[in-house]
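The following block contains the structure, expressed as structure tokens.
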Amino acid sequence: MSRTLAAAARVVLKQYRFEVGAAVLAALAVGIWALVVEYRLDALDVPPGCIQDWLWRVDTGEDIAGCAGPMRTWGEILTGQGGIILEGEGMAPFSWMGVLPFAVGLLGGVPIVARELEAGTAQTAWSLNGLRTRWLLRQVMPVAILLGIAVAFAAFAVEAAVEADVAWGGYASFHIGDHGPLVLTRAVGAFGIGLLTGALLGRTLPAFVSGAVLAFALVFAVDMAHDAWLKRLEPTVIAEVSPLTGEIVDVPRTVTTGWGVRTPEGAMISFAEARVIVDAARVAAPDPNDEQDLTALGWLEEHGYTLLPLGVTDEMALGWAPYDALAFGLVGVASIGGAVVLVNRRRPT
Amino acid sequence: MLAAARVVLKQHRFEVGAAAIAALAVGVWALLVGLQVRMLGVPPGCIEAWLASGTDEQTECLGLLRTWSGIVETPVIGVMVYIPFATGLLGSVPIVARELESRTAQRAWSLNPSRRRWLFRQLAPVMVILGASLTFAALATSLLEADRVIVGYSPVDDLGLYGPLIVARAFGAFGVGLLVGALLGRTLPAFVLGVALTVALTFVVSSVREEWVKRLEPAVVSEMSAGGGTILVPHAVITAIAFRTPDGQQISIEDARAIAHTAGAAQPAPDDEQDLPAAVWLERHGYAELDLGVTMEMALGWAPYDALAFVIVGVASIAGTIPMVNRRRPT
Amino acid sequence: MPEPPLRTERFGRRYRRSRPWAVRDISLAFPDGSMTALVGPNGAGKSTLIRACLGFERPDEGRILVAGIDPQRDRPAAVEAIGYIPQSPSLYRSLTIGDHLVMALAARRSFDRDHALARVREAGLSERRKIGELSVGEQVQVALALALGTRAPLLLLDEPLASLDPLARRDFLTALVADVRGRGATAVLSSHIVTDVEQACDRLVVLGDGRLLLDAAIATAKEEHRTVPASELDGGRGAIGTFAGPDGQLLALVLDGSAGRPASLEEIVLGHLAAARAGRVAQTA
């Protein structure tokens, strides 16, 4: 029986060899690229402590014990080669790791039902298989397993680049969804969407396009929910005086969620409260077109008020990760469930 | 003929509809952004006065212009990275690929003695609809770009994302999609391959552009010294770095570094591509760092070549599709 | 009384409320072990009836029972009891014949791969061949192999002979009959080539205009029906229907045992179809 199932799985992969092949290749390419970035960074053999020292002294241009050269190169590798997979390039707002799970998920999910309907083979498949749900799961499993492995490879290969970016001063919470298990949950979400649109539309290309639009909308919605969640966290002042320069600088590894104002007496007030003070004292009416109210900011600075960033630590911001996984995971599961219902109801063309 | 054209559009209604809607939506979005800018009511002469003042004093004008800048910092231009290619591919891939995939090619090619004429009758209505939609988007983004340039955005950076180049790029993608559709005979794989090929094409064109810009005769466009920086040519495209000696002579960066090391600056670490010791020595000894480059107008001279590249690819791909359609066995 | 392998009770289906019924008021019982020819012109409702047995069409009236199972209530069980050949072969062009056998085996534990493979080889095909390289006739042979391999008690074959040459039709029917008779299965074979199915089948169902026109054993039908020149009838009275003979002469199908000559199966079908058409024309008029 297991030999039969394995043979059947091979036939399924053969059916979808182009899409599965392209998706696997894309994931492998990104993963290998990430490993090359990791290799290049490791090969620099940056002395310990360089990173922290470098982040503080980069503006002064001083060379600290042989750190400068390696650190500059390190940064160039991260922002160049590493940046492509994590941050996008030029005008393109999407990084490779931002796009990969969705491209892989859609490529894998769309043709499973859509192609059967489009090619008119659904009646053969559904006349041989009494239980269409079982047929669907047998089609899904080999594809999902293979793509899952490929995406997992990319997701974990990029960990080193993310760690390096965080060490360089980046934010771990900015990389939610770019690495690790969350890449897989995003791929599950996209896979489910592709499966559902394929079952609904019964044509591969329209289903792929619709799936891409829906996946994009989902990402947008999750991002908005993320922003709202961040704003609900209890913020603290995330600025401090630099021991080197004496200026107020952001505390490393914090995420800004708002702004507060410190009065000359040392009390912390909200920006809205500060604006009330400005409005009460101001001679000229505020400029309605000046959205940042630069005039108000200027008045506050002149009168000894200090604008300070409020926010949360990177660790707190990382608390979004489970919700991110939940969102995409739920959408994926719900979509797959919807596809099961659709497959059971559809008339095979 | 019109009835036949309507039938063709009905055949591909999803793809043509989605592509046209995307292009129109972006165009409308661009126009809305422009409308927002118009509604600011920036007084006449405000911009010139601000540019002439050369300061960042808190003026009413500055506030308006900052708002203007915020409005035109819109994702519309970013989205135009994708729209022409998506539109072109969506419109063209199914034309031959779907006939083969759904096995209607034998019907189509048995009714039409000339497959070439059949192909053009399929292409024409789709190209007219998509061409019109993209032309609208091109015009709308041109207006938006004009608003962006006023507040300092570089049209060179945005090249290919507004104006007629959008239509040229879409045409290139259209040809690529038609060809891979005829080659593979399946819509989704052809679309995926078409995306990969257009990405590669864009990369190649960008690389050629960089080389082309580097070959232009550079001039000094900005200067950096211990006293600060001066922009001599706004919106210039920087292509190289040089130095000016304390006695006013312009030398290359290699010569400047050699001078620094000869005079005692430490040798850089093997991975120090920017040669920090030399840079510090040069700054301390009165050498000014010069950015060499070309003016915006010179850099924009690439635009016709950009258009030509994509149009040539489009024409060649469509031409390549014809023999393929003529030779294919209809499934 | 044991449940027949296939029974329909006033089965009716139409695709849209504004459209005419594709089939209506079809009540049939297919005896166990029978081979039934389901005959009728294009659009008569043959495919609709067959597809409804698999749950591919939903009845708008009445119901269908496959071995006592309503496909609308328990489709998996109904499908498991059926081996099916669709109107077009519906095979995967990029896969080989062997791949299809693997798929069938994974789909049904009872699938007899060896039997199916033997049928493939009898048809002169190799399991390594890709479907896309086969002619339509060869694809039909593969589809038959898959259907026979299911060893299902009920075989539903939707116009499988249309793409086959005469020799291939004969081979197809020989294989089908041997399999069905050999294991006592029941088969329903829809076709509009009446002379072919006459050899293989023992029952005849004629559909026309979406209605049931005739349901009888072939032997009985041939005993009861006779053909006479229409000119010999008084104004066509007593005729089931009139139709043109091969030489153009107008013939009438009658039930009068003494008149004319025994009707051929084709004439029986034509006569009943003519009657249905006349009824439609009368309605239109």
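To keep things simple, chains are lettered A, B and C as they appear, and every chain counts its residues starting from 1.
Heads up, the rule we're going with is that a residue touches a chain if its C-beta (ideal position, glycine included) is under 8 Å from a C-beta of that chain, and two chains touch if they have at least 3 such contacts.
Because the structure is predicted, anything quoted here is derived from the model rather than measured.
Two chains share more touching C-beta pairs than any other pair, namely A-B. Chain centre most remote from that of chain B: C (centre = mean of CA atoms).
Put simply, the C-alpha centre of chain A and that of chain B have 25 angstrom between them. Centre to centre, using the average C-alpha position, chain A and chain C are separated by 57 Å. Centroid to centroid, with C-alpha atoms defining each point, chain B and chain C lie 62 Å apart.
Not a single residue in chain B touches at least two other chains.
Residue positions of chain C touching 2 or more other chains: 93. Listed for chain A are residues 119, each touching two or more other chains. On chain C, the positions that touch chain A within their shared complex are 51, 54, 56-57, 75-80, 82, 84, 86, 88-95, 99, 102-108, 143, 146, 150. Against chain B, the residues of chain A that register as touching in their complex are 18-19, 22, 44, 61, 63, 66, 68-70, 72-73, 76, 90-93, 107, 110-111, 115, 118-119, 203-206, 208-209, 287, 289-292, 294-295, 298.
Of all residues in chain B, those touching chain A in their complex are 14-15, 18, 40, 58, 60, 63-64, 66-67, 70, 75, 77-78, 81-82, 90, 93-94, 98, 101-102, 157-158, 161, 186-189, 191-193, 268-274, 276-277, 279-280.
Residues 4-5, 7-8, 10-11, 14-15, 119-132, 135, 138, 347-348 of chain A are the ones that touch chain C when the two sit in their complex.
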